[in-house]
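Got a structure for you, written out below as structure tokens; questions coming shortly.
Order of writing sets the chain letters: A, B and C. Residues in each chain are counted from 1.
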Amino acid sequence: MEDGKISTRTVKEIAAFVNGQIDGAENTAVVGVAPIDQAQTGFLAFIAQPKYDTFLDTTPAAAILVRPDSPQSKTACLIRVPNPYLAFVRIARELFAIGEPEKHGRHNSAIIANSAEIPDNLSIGPYSVIGENAKIGDATIIGNNSTIAPGARLGKRCQIGNNVTIAHDVIVGNDVIIQAGSVIGSDGFGYVKDQDKYYKIPHVGTVILEDNVEIGVNVTVDRGTFGITRIKKGAKLDNLIQVAHNVVIGENTVIASQSGISGSTEIGDNVIIAGQVGFVGHIKIGNRTTFAAQAGITKSIPDGMTISGYPGRNHTRAKREEAVIRQGPELLKRLRKLEKFIKKHFPSSDEK
Amino acid sequence: MEDGKISTRTVKEIAAFVNGQIDGAENTAVVGVAPIDQAQTGFLAFIAQPKYDTFLDTTPAAAILVRPDSPQSKTACLIRVPNPYLAFVRIARELFAIGEPEKHGRHNSAIIANSAEIPDNLSIGPYSVIGENAKIGDATIIGNNSTIAPGARLGKRCQIGNNVTIAHDVIVGNDVIIQAGSVIGSDGFGYVKDQDKYYKIPHVGTVILEDNVEIGVNVTVDRGTFGITRIKKGAKLDNLIQVAHNVVIGENTVIASQSGISGSTEIGDNVIIAGQVGFVGHIKIGNRTTFAAQAGITKSIPDGMTISGYPGRNHTRAKREEAVIRQGPELLKRLRKLEKFIKKHFPSSDEK
Amino acid sequence: MEDGKISTRTVKEIAAFVNGQIDGAENTAVVGVAPIDQAQTGFLAFIAQPKYDTFLDTTPAAAILVRPDSPQSKTACLIRVPNPYLAFVRIARELFAIGEPEKHGRHNSAIIANSAEIPDNLSIGPYSVIGENAKIGDATIIGNNSTIAPGARLGKRCQIGNNVTIAHDVIVGNDVIIQAGSVIGSDGFGYVKDQDKYYKIPHVGTVILEDNVEIGVNVTVDRGTFGITRIKKGAKLDNLIQVAHNVVIGENTVIASQSGISGSTEIGDNVIIAGQVGFVGHIKIGNRTTFAAQAGITKSIPDGMTISGYPGRNHTRAKREEAVIRQGPELLKRLRKLEKFIKKHFPSSDEK
């Protein structure tokens, strides 16, 4: 997969790029990057956790990014850094161009409205459409068969996948990634009921995705009924997630696959949400909270809590309650034994 | 977002449109609509709940739709109606053209089979495809990169989003909305097992969506194996919902995001289903039932019940059971105390 | 829906095709296939379960596929086979061409890179795109507005729906079905955290779908971070399923709608997973295990187990625990009664 991408770097260049300390020959040549269990001769790997230290003396890798306190290696040149995995990712992307999106240019079948503002270096795939008054930032990449609807604005260096819809007037910041099949700015699920019938509420709000937001595949983000659905700086959403109208998701919050957030709920900053979690509408979730998989959150949660179960509650408490449930059949037996004993020794115990 | 859409109406015209009673100057001019907390000078707002009555004397709005028994306003002209929110939605849509879908005409890149029957006023976006013998009703709007497969029929005034598939021979009524990425009429998950292998069952049935059905984003509705998957008049489905083969969903039933209904299950009329609910196959769900979020429904449910939990059960009962679970660790202590007491005072209590 | 597809077969031909034993007139003409409750004069039906034997004497069907030990029919010619449903499905597909995908040819708007290797009999719909160095096997069918990205390889007789993305370098075997809106080979949800920020890990691995894998609608299968996400031979996935990076799914495993499998988890062979089930990452699920709907699996599971609930546990045990929960409020009363009795008769029982 990396044909033509492999270039050679020296350990000295690499260490300088990540401010690392070299423990070995600084002129060692590095031809590529790989995980420690797959690294071949000439490659750079990393070891972030002591349990992988056994590879230090056996790997054929040319160099290894390691923690400052890592043991030495008999076979490889070490580069000591505070966060070896992060250094590895930065080097892979920026020195070896791994995972960099392909800038494929502007396909002549892409339809771009006359009033749209697009940069010279826009990449846009076949059969995509950019509507009237849309505005796209420098170096943004758009896939195939996608729509940037009228009035939508995308920042710089965004990566938009195939079959994506960015609906009208949605605002997307810089360095935002939206993978294939996701829809940003759909109408929310809002109706007025009259007798048994439901009447659709027009959705005149919009969506704002701030800088460095990343959105997975087939995600749905509804626009505000009035006002804004907002996903703040650096938040990361996995695949198949539902974000309802007027939701706010805080900075650097991460949400795993298939979770859903109901209308007008506000999720704080630095929150961690596992897969298949659900939040009811109109609640407020504190900063630095954590939610276990499949939790069902029915009310507001203060800062810092760890929550699991349905209805969602303090995780430590939930585990103690779970432990009692696990003993249920035995506890029932113990209760019955007591009842039997009392009945036997105190035949009158049945009276009220 | 409303450039060019703003027109001026008088309170008299507006009140006549919704049969409201005017309490103030009937020639007051209204230039737009907005929620009560955002309404500026000249706008129409609404107050449906008494808790917002505090805005009555402070809003700069020109006019407010209110309940018949609403207090008076010092600043705005009132229009009294039985359902202020519904009146607001109707006025927004029909007098101020808010939320009305754009009729964008027939793009010359849309491919329309010769044998397809389409109206003169069809709107269809770039790179969409209409197959042989498909039939589309008057004033229907189809987005970009969508497929109306051979033999499919759509009624009048439907709105079909981008990247939608309406599979072959599916039948869609009038005034149906299907948002981006949804697929109607896919093959269901049906196999015959022989030893360890699974053999796909051909799906020769179809899907019928009746009038006024609304479908969110990235929803999947499988066609019947034999026979029909049917969603009845006025039912509303949110995003990322799964409707399996041969399911029936009743009239005016509403289903929130990420819920799933397994094969051949019948959901009654006027049912309310919250998010992430699951129904097993081959069960029958009564009319006017309600399901709390994340409920898991494993058997048929009679009319009128409110259900929560897994396995789904009467909600009031479920809450009582939940309350006991919440006390589990303390109940265990109380049981132990009794056991200890008995053991101490009746050393022979261990005998059977 | 079957215009022009109906041909006539004799019972003799049909029985020979499935090695069945004829019980009736072998020259009986069959004009089509239908389920037993809908079969009209001249049609072939099947009865796999004794509860449908009541149709044996009342159906107008010309012939019925039945179990070897089925009672006789007064009205129809019988064909006895070990697996009547399987025989019916094979006959429907191969003798009556029901459910066979339409080979619609190569649309002139499909964009096919010069370096792509495609067969003469490729079917590809309008506005689809095949990238550089992609390779497609004989008789494969691709829908509309889909992308086969550079370097991807598809086997023979695959069926790819509309609006599908097969990402770069993904490998797909023979006879694979991928329905509309699914995305195979997206980047996984992998980040390195540094202080509060998250940095995307490049995903340089890929996805392998082996022969006879079938994937429903709007499914997401992420590529390996390094290495492979693999779905093995004959596995079947329903709609809206999430398969994270580096997951392995075993042979002939079936997964119902809206289930999700977190990163690096390995699912064994012949596993049955119901709807809305979730698996945490980095666990190993044994062969021939079964998972009830909405189960939440938090640790590895040995071969052969049946699991339900959250956290997932032995299904029989889970049901016993559930039964105790169901009695919770009554058990609490019984405990209180014992406490009251002890307190009354042993006033000193409150001491420690």
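Here is the rule we use: a residue touches a chain if its C-beta (ideal position, glycine included) is under 8 Å from a C-beta of that chain, and two chains touch if they have at least 3 such contacts.
Keep in mind that this is a model prediction, so the values were computed, not measured.
Engineer: Nearest 5 degrees, what's the C-alpha rotation angle taking subunit A to subunit C?
Structural biologist: 120
Engineer: Counting residue numbers used by both copies over all numbers at the interface, does the subunit B-subunit C contact come out same (over half shared) or different (under half)?
Structural biologist: Shared-number fraction below one half, so different.
Engineer: So how far apart, in whole Å, are subunit B and subunit C when each is placed at the average of its C-alpha atoms?
Structural biologist: Computed value for the inter-centroid distance: 27 Å.
Engineer: Quick check: what residues of subunit B touch more than one other chain, meaning two or more?
Structural biologist: 127, 145, 163, 181, 218, 240, 258, 276, 294, 310, 325, 331, 335, 338, 342
Engineer: Considering the complex alone, what residue numbers of subunit C touch subunit A?
Structural biologist: Residues 111, 127, 129, 145-147, 151, 163, 165, 168-169, 181, 183, 186-187, 189, 191-192, 194, 196-204, 206, 218, 220, 222, 226-227, 240, 242, 244, 258, 260, 262, 276, 278, 280, 294, 296, 298, 310-311, 313, 320-321, 323-325, 327, 331, 334-335, 338, 341-342, 345 of subunit C touch subunit A in their complex.
Engineer: Would you tell me which residues of subunit A are touching subunit C in their complex?
Structural biologist: 1-2, 34-35, 38, 83, 85-86, 89-90, 92-93, 98-100, 109, 125-127, 143-145, 161-163, 177, 179-181, 214, 216-218, 234, 236, 238-240, 251-252, 254, 256-258, 269-270, 274-276, 293-294, 309-310, 322, 325-326, 328-329, 331-332, 335, 338-339, 342, 346, 349
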